[in-house]
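The same subunit A turns up in both complexes below, where it pairs with subunit B and then with subunit C.
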Partner chain A sequence: MIKIKKDIAVSETGFLFDPNTGESFNLNKTGQIIFKQLAEGKSQSDILKSVLENYDIEDHVFHRYLDEFLMMLRQFNLIEKEED
Partner chain B sequence: MEKLKFERPVINRISAGVPDKFGMGTSIQPISHIDDVAVQDLLEKYGSPLFVISEKTIRKTYKEALSAFKTRYPKVQFAWSYKTNYINAVCKVFHQEGSWAEVVSGFEYAKAIANGVPGNKIIFNGPDKSREDLKLAIENGTLIHIDHFDELYDIMAIAPTVGKVAKVAIRINMDTGIYPQWDRFGFNFENGEAWSAINKIMPDENMELLGLHTHIGTYITTPVAYSVATSKLAALAVRIELKYKHNIKYIDLGGGFASKNTLKGAYLPGSDTCPSFDDYAEAITSALNNSDIQYEHMPTLFLETGRALIDDAGYILGTVLANKRLVDGRRSLIIDIGVNNLFTSFWYEHHIVPSRIKQRDTEDTTIYGPLCMNIDVIRAAVQFPVLEKGDQVVIKRVGAYNMTQWMQFITYRPKVVMIDLQGNTHVIRENETHETMNSMDRIPGYLLDFKL
Partner chain C sequence: MKLTIAVTGLSNTDNPGPGIPVIRGILESKEIDARIIGLAYENLEPGIYMPGMIDKTYMIPYPSTGTEAYMERIVQIHEKDPINLIIPNLDAELYTFMKSQSKLQDLGIATFLPTFEQFEERHKANLEKYGEKYGIKVPKSKILTGYSDIKKLDEEFEYPLLVKGKFYDAYVAYNSEQVTSHFNKISAKWGLPVIIQEFIKGTEVNVVALGDGLGNTIAAVPMRKQFITDKGKAWSGITLSDQEMIRITKDLISKTKWRGGMELEMIKTNTGDYYMIEINPRIPAWVYLAVGAGQNIPEALVKLAMGIEVAPFTTYQVGKMFIRYSWDLLGDIQEFEQLSIFGEIEKKN
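Moving on, here comes the complex of A and B:
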């Protein structure tokens, strides 16, 4: 399970600040929704379920997007630790 | 309840750099149609990738250029630079507009003749003219632009055997105040080499010196360099008149006008920085009008502009093959347009856009071609929206040099389609196939069979 660093601040408009590094980021609307759920400790399958319920997107396409989004979070060092 | 439209999740790092003082936007305007023909329809009908030529743009650009010069100087003649794009249909559009042909090899010469250009309306440039080429050119009354002394001696020897006077000009290289100074073609002006060549041609009854030619370089963004070049050629014409009582019929300023493409490393886009036809015309014609050439003997001004006349009319359309993340997190996009087809991507930051945009977010992206070669980079870094496999892209301003310098490498060269003035599409060059490529190979008998 993916855990987002706990001291990261996200505004309502998707502006994200990492006090550990001083770096800031922008999230788009979908990015915000997913990030929020990750920060709340939801699992990937929970996220998948809620997105598929509400959005017009195919399962396998969303998987690809989610994988890539998570890869970018890792790249930007926004993830605390990952548990199997 | 109807489901919401999904947008791909994106996170972008905010870079706190110095803002661009010119306030250049990164917004991307898709190109969905070329001359009202849908990009999607073109790719479906003719395959991907695909070169597309807009006949409307060729004619419009040509008229702009001609008008810029003709409104300032009465005697102007363009000659279409075959090497820039020698697809026959393209050449024919220029010839219909009144352009002569400018060729630089026996191959291009044969092409111009086959296209129906009269021999005496062809300018034959370049350092490589065989004795057979020269003989044919003399017979046809072609304007031979002599590049070096060995060629001059060849003409001296061949012309008497043909029994016709060779119509010649000399190509002259010179210092026009720009860097680099081209000195590999023609005779030098400053060190007297050009004058020496003239002194060999003038007394020879088998040659008639009709013109003086220079081509100062390529992608010249400083019109004043053309003023300097024109003044120097005009000074030479005056000197010939003084010594030989002979009037030069034409002065040929060659080409080298920049197109609106952006060179690699340029700070601003070419569309903002490149001079217009009016800027070049003003520089050249002012220098001619102000020269000491006698008014009644003002020469015709020849121009061999290639790039600036055809670049805007050419597009290449392609398809996204894949998305990838590079190790440093950058996005990379693989498209089916490679450097094999887009030779100019080695020196231009080509303007590439999607045919439609589903999502406005852009990311710093490296765009690769389809070749299994590290050099196959179309754009090293460009702010680009995220596209999916199968989405289509359009690259603008590729009409010059790509359809002549393209390489048959790893894969086949694509079709070229022209959109006519009525919006009809015509294949003007077929794509290569396995048969095309194999038809030129020969296999020695002992290599026919093998066992694995």
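Moving on, here comes the complex of A and C:
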């Protein structure tokens, strides 16, 4: 289960600020959609399902996109230690 | 509270002294009605000419002239223009002020400085011992006193490593030739020893703090430099919520009973470890960020120096940023003449 670090704030414009490190990032629209759902506690499969239902995107394309995005979040230390 | 406060470190250049930020904090205090005296070493220190900052500036000799000559000038200024408190802001002058503390006290001039022991034991050259004594992770370091030591570095260190001056300057060296070159440059400027430090990979983070001398942390604000000049000075920075940095600071101040302002320089590694790389025994030049974030450290230091009890700050604004800029001040040759000939200048604000 992926959990966004608490304290991390994202504004309506997609500006993400990590107060612990002082780093900031800009999320694009798709990033904002994924991040919002992660922050709500949704699982990876929930997000996949919801996006594929609501947007015109091919399964394998979004699958890859989501994996890459999550990898980035891990790389930038924006998620809590993952539980099994 | 009406006070005349003398401040040094007025060189507000791209390697700024903390003088002007300290003055800004004091002038923003609602409890202190301060008349500011500037103490300057060079007659082109920008702070002297900045409007609304200093009421009167006096030229003083460099500390290297000797404590006696230095203090003679301070006394001379005090007799003419009585001072309640001096805030020295430069590393190189702290020793002189610490040595003259009781003399200053007899004259009715307050200071709020670390003790000799606190000042000496945190020297870069003693960092390893310091880390061990106070339970803080520090990079491995070695003192260089001559060329013969450089050849042996391969046995103890991996490149790159840092070559640091006693007071200022730090350079990264990727091989022994570069160490030699930095060693020459640093030792010519700051003397010996030159310090070799293990290069810790990570993000540099800093804390500005104030200890009351009894073990209490009165203020502590962590910051990360966002933009660094070629001299390694912050040109922009942001306050952090990092509680581990606050914990390390409070723990150190409690154990050392640190008295006065300080800056802790740390490296946060990718694995979340914190290494203390330096302790500056005075307020840093970026202190105005802390003032803006809600902890007026210069004001609190003034109150502590005047014997007023100060309650520790408990909060500060996270995500507060500073960005430095350069600005061409215009002045007239008469001002420069006044300072050059008479060694003092009154600034009409």
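We take it that the second predicted complex is superposed on the first by the 84 of 84 C-alpha atoms of A that agree within 3 Å, B and C clash if a C-alpha of one lies under 4 Å from a C-alpha of the other, contacts with A are read in each partner's own complex, and residues count from 1 in each chain.
The working rule: a contact is a pair of C-beta atoms (placed from the backbone, for glycine too) under 8 Å apart; a residue touches a chain by one contact, two chains touch by 3 or more.
All of these numbers come straight from a predicted model, not from anything done at the bench.
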{"item": "Overlay on subunit A: subunit C relative to subunit B, clash or fit", "value": "fit"}
{"item": "Touched partner set for A:Phe35, first subunit B, second subunit C, both or neither", "value": "first"}
{"item": "Touching partner for A:Asn26 - first (subunit B), second (subunit C), both, neither", "value": "first"}
{"item": "Partner chain(s) touched by A:Asp56 [first = subunit B, second = subunit C, both, neither]", "value": "first"}
{"item": "Partner, of subunit C and subunit B, that touches more residues belonging to subunit A", "value": "B"}
{"item": "Once both complexes are placed on the shared chain, angle at subunit A toward subunit B and subunit C, C-alpha, multiple of 10 degrees", "value": "80"}
{"item": "Which of subunit B and subunit C A:Asp7 touches, first, second, both or neither", "value": "second"}
{"item": "Smallest separation of CA atoms, subunit C relative to subunit B, angstrom", "value": "6"}
{"item": "Residues of subunit B touching subunit A in the complex", "value": "3-14, 325, 329, 361"}
{"item": "Complex contacts: residues of subunit A adjacent to subunit B", "value": "16, 23-31, 33-35, 51, 54-57, 62, 65-66, 68-69, 71-73, 75-76"}
{"item": "Complex interface listing, subunit C residues touching subunit A", "value": "203, 223-224, 226, 238-242, 268, 318-319"}
{"item": "Parts of subunit A lying in touch with subunit C, wherever the complex brings them together", "value": "7, 17, 19-22"}
